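These are the structures in question, set out in turn.
Both complexes below contain subunit A, partnered by subunit B and then by subunit C.
Up next, the complex of A and B:
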């Protein structure tokens, strides 16, 4: 696999919009061509090479390309947006929309990422060693399809609105989450290993949410059903199963109403 | 309103009509203050027809807006802030030059406000924003923007205020206080009017108020749900559960389950239920999700009766601003036009996020006062960058801006279209002439647009 390294050389005055930092854009291009790819600061179009030193080489296809960013890019948006294959390694913090709408490949963010990361993603892996901002794996405004496939794994905490309108895939949060987890969820799995504040599974139709810690305020539309033993992301334990959101619409399967499932670890 | 007071008022009014040679009454005036957009005002002018003497039928806030345009010490020419902090009068042409240059030089200018002006001025502003690649945002961003997000997510079953006056017999005010914020809303539309199917006025209606505080609106309610602050989402969810007759916990948001069942039954048993909501839900914890689930409650109620939901919009034409941008760009607020096409994502392209995150490098404010309403961190950013404030008044925003351009009052000194909170367009009226030589918003924007095009053509 070909490896290409980007080292930030200057901090943008506003924020840098760099959707071209993506294996799909880099594949098959020479380093000079890559340095000439556009980035935007407001309405000004500039070159990627103005902001990064480029070393190594990219592969002939996205799948054969690994992009390594050595340094903080916390003022750079859209890294790995819409990527379909290959790998991006971020050795530092990144701004909004990391891996938004990605359909394949792998992003390793070794720092933290800001809001809207993994937005509407359909496949691939997004691994975040630090914290994630709000709207992780959620839907874009007005879209009824949030995350639909793939895996997001956050070692630290996540902000509010994790997995809003989620329809598939898995989100695993090592730490705590802010309000609104799996709102309008219609499928997929969210695992929170720390605590959740409130509004977990509000307006949830289908899918699974696991919370290992506490939920400060429980939604009134969830009803306790039974205790179950299961293995969740390598942890075996006993969980209290709640079903809901009772106030929301629900489909039926074989004559039985299918609710969203909320598992609380004992 | 006591009967004797009403008689006194009508006597005063007829007195004016008797001395008709001296005073001139302008009727059917539209009030350019809040989103209720009352269209029954009467304004008494002096015999020259140039000075407003009194304003009838308006609430205290609306009347004050008309009378404020008459202030002796009103600013009538643009002024530029000098290095020592003092202000120097400049011509409108100089103001146009500074504004045009600022918008062209900036990599990403913020053009904020737009809620206290006419739709035609907003439309010129949109063209200007597109030419200079601006981020454009209106006051919804700190107001009902969250409602707009919810509407995009789940749609909205709504109605006009006329329908409410004539039909609604179950009226909910959730997180809003019309007694003070929209003073004539209850008398014109929601509680007191005797409509076609609501012949007994307030007696034919049940009023529910949801507010953690015992506000003056809450004091009038048949049922006041004094919930714990920040738990609106849970309470709305509980009402959905109650509507379906499912089991609830003992209390939700500090409200006993029996009361929640009672409210659900009250709403279901009406012939027409309406939920009005305000800042208490749109800007408290959860924001758009609170509105989202309130819309879901409305949808659920439509299984049993007719129900609608209406946001209590603040500025008299913030709704119009959303309408204009909706038809021109497809999004009602938080527009990012910097890359030549419209992008939208509140949280990223919203004014406060742009300012706090240092994403914009110039500020243009028209028809709003972020200096008074934004967090101090954002206002500090405006103070640090090139900035223009276009506003008839001296405001906290004009005080921190580099250039202040006073303009004529829309709805007082120039007419123009405005949209009421229920999305009904109403043409406001001109009552008096502006002070001599003063420009309107639209005239100033048109001049800036022309100058920007000239500069870009030359470059």
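Up next, the complex of A and C:
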């Protein structure tokens, strides 16, 4: 696996839109070609090399390329956007849209990431050591296709609107989450190991949400069904199973109505 | 103004009977002239390319409130679908609901000179015109909708054709509209009562009229006025399996009506997006649904006063939008995606729903087949115009793809064998597999230029390269002698014209947009009628009683909303 290192050399005045920081864009390119890849600063197109020192080398394919970012890129958006393979390691905080629409490979964000990370992702792994912003694994504005596959794991807390319109894959939050979890969810699994505030599973059609801590305000559209024992991401325990959102349309399977499932740990 | 001479292209012009002859085409002072009449002209080499008059779109939804609701509620339509500006080119964005700028550029790249916005709610005419003004390059007009309008319903109930005509003339002048559009006649109003009109004889609640009476009355009024365009209908029960009978009933209303106009128009009824109206069977399932394109075309081919446009499904993710409010409500419950609907006071309604025509489903493939069948079954291509009811059956930018399917049996076979999942059931339930006709470039020029121009009453300005017509010429990078091997070349060429001259101005040079056009015009029809105190009283009464705005806030004032109007005067006082 070839390793290429980016070290930030200056702070952009506006936020940098750098979807080219991605194994798919780097693969097969010389460091000079990589330095010439465009980044947008507002409406202006500039070069990646204007903002980063580039060392090491990239692989011939995305799968053989590891990009290491050494330093804070909290004003750099779209890192690892649409990546299909390979690895990105961010040693610092990153701005919005980290790993958005990624379909494969792995992103290790060793700091925190801002909103819209893992947006609409269909595969791969997004590991966040710090906190995540709002709309983690959600759908793009207006779209009804949120996260569809892969895994997002956050060690810290996440903001609001985790997994809006989620359809598949798994999101695991080690800490707490803000309001709106799994809104319009149609599949996949969200595990919150800390507390949730309110509006968990609003308009949820299908899928699973686990909350290990408390939910401050429960949605009225969820009904208690029974207690179940299960193992969730390495934790075994007894959960109260609620089904909902009762007010939403629900499909049927083998004559049974399929609801969204909300599990609360006893 | 620069003169142009386009040299040595393969020229197609059904009006002049030119079928691929290698000729020169000249433009002087904004008009087509005989090639011998220009001396110091800029030369454009079109050798090895196809030359036609610029195309004319008879039906597309590209400006107005529902298009804008589509833009607003579908930000994802612009995601990864945006070009930054460069040179004279401004930024353009969007796929199924493009920005006004992209709409203008798309039309230019496809070689169009004129487009008719197909449904303008009168109350929102000002907005529609503002968008038209912001759409560069092409000339445009807009058809106000009449089929669910309270004035029309009341006059028609009483058989008052003259009052209907006077009201139409008044509304065209108020809204700067071009002609008479009628969407789901009576059905949208019925929906306000929780119902719909599913056949031409269903009665509209309270108003006590039927779609049959509405269509008949509007045709009569249209011909009484002698408008350039004929009555333009979107019939009842759009998209419903088994609706072809309703369609035949609707078309037959034209029997006995004769065209009355000074524009050379021969049809009295234009049925739009006929594809959505030619379904048999009882459901969308492959064991029930069937194409009835042949049954409908057998009738259309036997008439001489009906025209139609295809409305071909292009198998894309798109945004549906129509004044057929009940249909959109229905659709939103089928696909559970987002939905917007509106009621436009006493005039009309509308709805917007995103829709995915998925080639992996039987029904989307069958709809694709039905639209093409209509174009392949028509005897006289001057009656059948290529549209996608943009963006309802497919985005505007897909026109060239539709041309490819119409022009190449090989391209259709490839779809049935390799792209559509249910190709075999589609062959079994539709006629597509039996049709080996390939539309020629000459016929394509009828279906995209000469025909729509004639039916819009604009044959004296557009659709041909006859001397004296507008200097609208498109040159496509397609060699009719050597490019016939690969149907993809058709799609590429008709989406990327090498040269476009619009109104004598060079817009596309060597495939690049070099001008945003300086003389874009908005067409409207001013029909003079005799004074009609009844209609005048009814108008002032209804504004006082029902409208939320006054007449002063209703009229589209020329100076702001249409800086460059082109008025077609019609005298209906006799």
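Definition applied: the second predicted complex is superposed on the first by the 266 of 266 C-alpha atoms of A that agree within 3 Å, B and C clash if a C-alpha of one lies under 4 Å from a C-alpha of the other, contacts with A are read in each partner's own complex, and residues count from 1 in each chain.
Everything that follows uses one rule, which is that a residue touches a chain if its C-beta (ideal position, glycine included) is under 8 Å from a C-beta of that chain, and two chains touch if they have at least 3 such contacts.
Everything numeric in this text was worked out from a predicted model, so none of it was measured.
A.B. asks: Could you tell me whether subunit B and subunit C fit or clash when both sit on subunit A in the superposition?
C.D. replies: Aligned on subunit A, subunit B and subunit C clash with each other.
A.B. asks: When the two structures are overlaid on chain A, which partner does A:15 contact: first (subunit B), second (subunit C), both, or neither?
C.D. replies: First partner only, subunit B.
A.B. asks: After lining up the shared chain so the two structures overlap, which partner does A:134 touch, if you call subunit B first and subunit C second: first, second, both or neither?
C.D. replies: Once the two structures are laid over each other on A, A:134 reaches subunit B alone.
A.B. asks: Answer with first, second, both or neither: which of subunit B and subunit C does A:245 touch in the superposed model?
C.D. replies: first
A.B. asks: With both structures fitted on chain A, tell me whether subunit B or subunit C touches more of subunit A's residues.
C.D. replies: Touching more residues of subunit A than the other partner does is B.
A.B. asks: Please indicate which partner A:142 is in contact with in the superposed arrangement: first for subunit B, second for subunit C, both, or neither.
C.D. replies: Touch partners of A:142: subunit B and subunit C.
A.B. asks: Of the partners subunit B and subunit C, which touch A:43 in the superposed model: first, second, both, neither?
C.D. replies: Both: A:43 reaches subunit B and subunit C.
A.B. asks: Using the superposition on A, tell me which residues of subunit A are in contact with subunit B and, in the other complex, with subunit C.
C.D. replies: 43, 140-142, 144
A.B. asks: Considering the complex alone, what residue numbers of subunit A touch subunit C?
C.D. replies: Subunit A residues touching subunit C: 43, 45, 140-144, 249.
A.B. asks: In the complex, go through subunit A and note every residue touching subunit B.
C.D. replies: Interface residues on subunit A, with respect to subunit B: 13-15, 17, 40-44, 96, 115-116, 134-135, 140-142, 144, 165, 179-180, 183-184, 198-199, 202-203, 217-221, 223, 245-248.
A.B. asks: Please give the residue numbers of subunit B that touch subunit A in the complex, ascending.
C.D. replies: Subunit B reaches subunit A through residues 106-108, 132-133, 149, 152-153, 231, 233-234, 237-241, 243-244, 246-249, 252, 285-286, 289, 292-293, 296, 300, 338-340, 344-348, 357-361.
A.B. asks: For a test of understanding, state which residues of subunit C touch subunit A in their complex under the given definition.
C.D. replies: 73-77, 79, 84, 336-338
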